[in-house]
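Across the two complexes that follow, chain A remains constant while its partner is chain B and subsequently chain C.
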Partner chain A sequence: MTVAATTKTGVRPSWAGRRPHAPTWVGTVPFLAYVAIFLLWPTGIVVIDALKNPDGAWAFSNVSEFGNPLIRGYFIGSFKLCLLSAAAGSVLGAILAYAVASGDPDGLIRRLYLSVSGVLAQFGGVTLAFAFLVTIGPVGLLFHASWYFDFPWGIGLIYTYFQIPLMVLVFMPAIDGLKVQWREASENLGSSAWQYWRYVGGPLLAPAFLGGALLLFANALSAFATIQAWENQIAYIVPQQISTAMSSEVGLSSVNEASLLALGLVIMVAVVMTIYALLQRRAARWLR
Partner chain B sequence: MAAITSVGETPIAAPAGRPRGMQAGRRRRLNTFRYVVFTLFGAFFLIPLLAMLRFSLEGAKLGTWSLSAWRQIASYQGSGIPPLLSSIEITLELAVITCAVMLVLLVPTMIWVQLRVRWLTRTIEVLCLLPLTIPAIVLVVGLGEIYNRIQRFSLSALMLFWIYVILALPYAYRALAAGLGGIDVKTLSEAARSLGASWFTVIVRVIAPNMRQGILNAVLLTFSLVLGEFTIAYLLLYTNLQVELYSISRNTPNAGVLFSTSFAALLFAFALLMILSYAGRGRRRSRG
Partner chain C sequence: MNALVTAAKKEGTLNVIALPPTWANYGTIINTFEKKYGITVNSTLPDGTSQQEVDAVKQENGSPKAPDVLDIGLAVALANTKLFAPYEVSTWSDIPAAQKDPSGLWYEDYGGYMAIGYESKFGTITSLSQLLTPKFKGAVALNGNPTAANAALNGVMLANLAEGGTPSNISKGVAFFHQLKQVGNFNPISATGATIKAGSTPVVFNWDYLNLSSYVGVPGWKVFVPSGVALGGYYAQAINKNAPHPAAARLWEEFLYSQASTGGQNLWLQGGARPVEQQAMTSAGTIDTSAATALPTVSGTPVFLSQSQSSDAATYLATNWANAVG
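What follows is the complex of A and B.
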């Protein structure tokens, strides 16, 4: 499509002299149109629907439904789960990333862990819930965890399975960016390993670490498949309730509940990602 | 064990990176730490997968071994849901279509922007990374109405590719941007243009072949994303592989075929990413 738009001058050079060229940005129109239709438009629909009644009249008072204890419960559930899995995932992921990064940069272990992380970070989905079900679930081979179906703990553990690899992927560049000279300098000045991490390495990595943790938080916020396969009877988190609201009419009858919940979700993710972007900018200043 | 391996490893694989200047004692402690970490995390990542593998090889009686679940992949048919094989087919077709559309949409646009419309670079980047901020489930809420209307014409699940392209944008964009950054676009295009090439030739036959590593990365990431997608298909009532697995698990908990199919899909994704990692050898990949 873009190709067609951009070929004109080449295929028919006779035009070139006679007619003014189309502005160059015309070549990007197909892409912009596609994104507008399938990304911006649906998002716009969600925002508008959230502020309307089912009968189509504007109702800005819908926002007050965020105070509804039922609705608030889903957001609190989402928050708990994301906090737990992001905290565990980022700490453990950072440790693993450091262990991997301190080895041979072209070695087998690094290559293996990076590709495995690439796969496992994407390995959310229903499959992951199956894998844990047969490991520690009621039919588990390893042991039968009595807390497997407890809300933040069981599913939180399952979430760390894709959160840790994601942290490895996003944190690795930061660790690679630590310069040898900084360590050598601090050792020459007589610092211990603890002092190096406390006063040099730690502060340098802190923005990247927090940024990674926030990315994990946002990642868990929108995850839906795994928790749906884990437990589909009770809605604990926002995406589950969106799914319920979409497939049934029960719920807040005066509000487009799915849209309202979706709007809340977008706001939450947007806040987190904004902080993430600010932290990344700060980190980028050092780790070049 | 750790000490032995570390002695063996240090001289051969002395990393080009940071720890070269480290004192021997510190180096040994670091290696012990690394191997402990690798063992623990390796176990955490492997055990659920092995449990899944074991369950896929479970015979009719508990504790026996059989390949029947693997043979069932080709023939499994749950009651009230489409046959497993058909949904595997659809998912693979979806993956191919999504990759093709993504390439046609994104590659020419990115090259064109780089060449002629520099001032749009930032806009395109923001638009491409936006799907990270807007969870898939929100898009579904917005698109649900539109898709439901289209569904009256009983279109196949292949129509999902319209949204999947959007989901793939952030990953594809980053891969392609890395590929594009590695070549001197300006010189190449000036050379080609001065030899009389049309813009079409410049983009398709000169620049695109030079960024094939980036294109390969983008394709593989998109492919594995489509293989694992659940949320959108499930909520729009289409059946792809993950939705099929979910339905099977609702009908027949712990059906062996669940685990064999999941494991096969995972191996497939892993093989793809391994190809990526080896094809990209010698060049540093950066994600996140």
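What follows is the complex of A and C.
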């Protein structure tokens, strides 16, 4: 193998000495610019609009709207739906991930499951709602049910359709990180299967599991198109009410209300993602 | 008029927004206009709401893609008159005085009456209370969320009037939908052409021109209007004050308000919508009589919600709708 494009040892290219060294942060400028334009700027607009009245004057009293039982109802609805779909999605997803991971690491089943999960985790929105509609809706192919209109149970079930595959994807690396030697070691020390899970496997997987559950929670928080296509005659969750506040043609549209609701969501996501980051830091200790 | 046609042809393009091709015959109307004048019509956001139309006018102000003309709900039109340019079409005097702005900022274009469309498998509906029977389990839907969509608000109002309520107090309509929800007959799926065709929303409260068998594409689709309840609603036209194609915009309005057999008024009528100049055209004999007789019959004195009745209804719904059917 020839190494062509190198200079002779000790001979520096003539321009090498003159080139100024760029500060190390320069490399992050594109990323920071991207974050500023697509994350910080819009968030700033939301915060500012949330604290103004329709005439454009400051109205910090808008925040008191969070005490309004109607507004609180949308947040409670969002919280219920996220909690339910995240709990069901993370438990079932973790079990499925464990089942798949305990098979052949290069086997067909595993590759199949991972790629299918990758697709299904993104399968949401109108297509998902329609798929359920034609399967179990009023004229469904399988059966006709009406319980699925129930909030949050019915719609929560539909959400698990993309929550479980997402959990499989995020939880699989943690299970792969469980070394078989640890199991052998604990068995050599005379532990039962229960003791292994209670004192070794469980504590090791707990941060990754909770982190995955929180990710699912945040994922459900922003999922809007599915429920909107499924039942849009009532606003159950915050994003639906934001849509109503943005597009009402009967005189109830208010950019400020929409922004205030969005601000509430930003706060919810910030809390969830902070906890997620803390858990990830803990999980990362042994996942290397 | 000739000068207008020349100027419009020179612009060559017209931007329209929120005009579904199957809604009130807009597909044919746009095609006829394009053919007649050789002007390209750019149709954006066909399923948009009135509020989204206004937002587009504001956000795209100054851009060549901004909407030139709007077909808009009256509540939104009244709240945004400062965005419109006044214009009076040549048939201006045939538009009833109550249905236009005196200075020409907006003018109603077509409308209809609220009706309940349903699949023929339910037999014949003769009263609203029938909808509470077990036969209609999970079947009865509105066209959207009544706190957001005008057609849905009027759907609740229709039930309200049929239940003996008044236009200024919608509470009986909300109570009716609460009952529907309790017996399990309320269907929260948003009724669109697709859901009706798929059979997912077999009973729909909607404007009569959206409840035509030909529009929903369901053979045998029937329409029921509670007796003595004629709840009407009209949309309005307006021209964007900063329209990128001002002449084409005005020519479009002239076309829409033309009483010719292939003019906008008769084309709307063929789509099942009642054109605003219908009465004048009936007297003048310019109306397409076969299309006019095909309209569903309504009885009773027509009721049109005033601005304050409409906003009172919206306010009541904002606080009570979610609890009633949630």
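Methods note: the second predicted complex is superposed on the first by the 245 of 288 C-alpha atoms of A that agree within 3 Å, B and C clash if a C-alpha of one lies under 4 Å from a C-alpha of the other, contacts with A are read in each partner's own complex, and residues count from 1 in each chain.
What we mean here is this: contacts are C-beta pairs under 8 Å (C-beta built on N, C-alpha and C of every residue); 3 or more make two chains touch, one makes a residue touch a chain.
On a predicted model such as this, the values are computed, not experimentally measured, just so you know.
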Chain C versus chain B on the shared chain A, clash or fit after superposition: clash
Touching partner for A:L120 - first (chain B), second (chain C), both, neither: first
First (chain B), second (chain C), both or neither touched by A:A235: second
Partner chain(s) touched by A:V134 [first = chain B, second = chain C, both, neither]: both
Of chain B and chain C, the chain that contacts the larger number of chain A residues: B
First (chain B), second (chain C), both or neither touched by A:L70: second
Partner chain(s) touched by A:A218 [first = chain B, second = chain C, both, neither]: first
Partner chain(s) touched by A:M246 [first = chain B, second = chain C, both, neither]: both
Region of chain B that runs into chain C when the structures are aligned on their shared chain, from 148-156, 184-192, 256-264 or 274-282: 148-156
Those residues of chain A which chain B touches in one complex and chain C touches in the other: 133-134, 139, 228-229, 232, 243, 246-247
Complex contacts: residues of chain C adjacent to chain A: 49-52, 73, 75-76, 79, 137-139, 141-142, 144-150, 152-153, 184, 187-190, 195, 198-202, 310-311, 313-315, 317-319, 321-322, 325-326
Chain B to chain A touching residues, read off their complex: 9, 13, 15-23, 26, 30, 33-34, 37-38, 41, 44-45, 47-49, 51-52, 54-55, 104-106, 108-109, 112-113, 116-117, 120, 124, 127, 130-146, 162-163, 165-166, 169, 197-201, 203-204, 224-225, 228-231, 234-235, 242, 245-246, 249-250, 254, 258-259, 262, 265-266, 269-270, 273-274, 276-277, 285-288
Complex contact set, residues of chain A against chain B: 1-3, 6-7, 9-11, 24-25, 27-28, 30-32, 34-35, 38-39, 41-46, 49, 92, 95-96, 99, 101-105, 107, 109, 111, 113-116, 118-120, 122-128, 130-135, 139-142, 161, 164-166, 169-170, 173, 176, 178-180, 183-184, 187, 193, 215, 218, 221-222, 224-225, 228-229, 232, 239, 242-243, 246-247, 258-259, 262, 265-266, 269-270, 273
Of chain A, residues touching chain C in the complex: 70, 73, 133-134, 137-139, 144, 146, 149, 151, 228-236, 243-244, 246-253
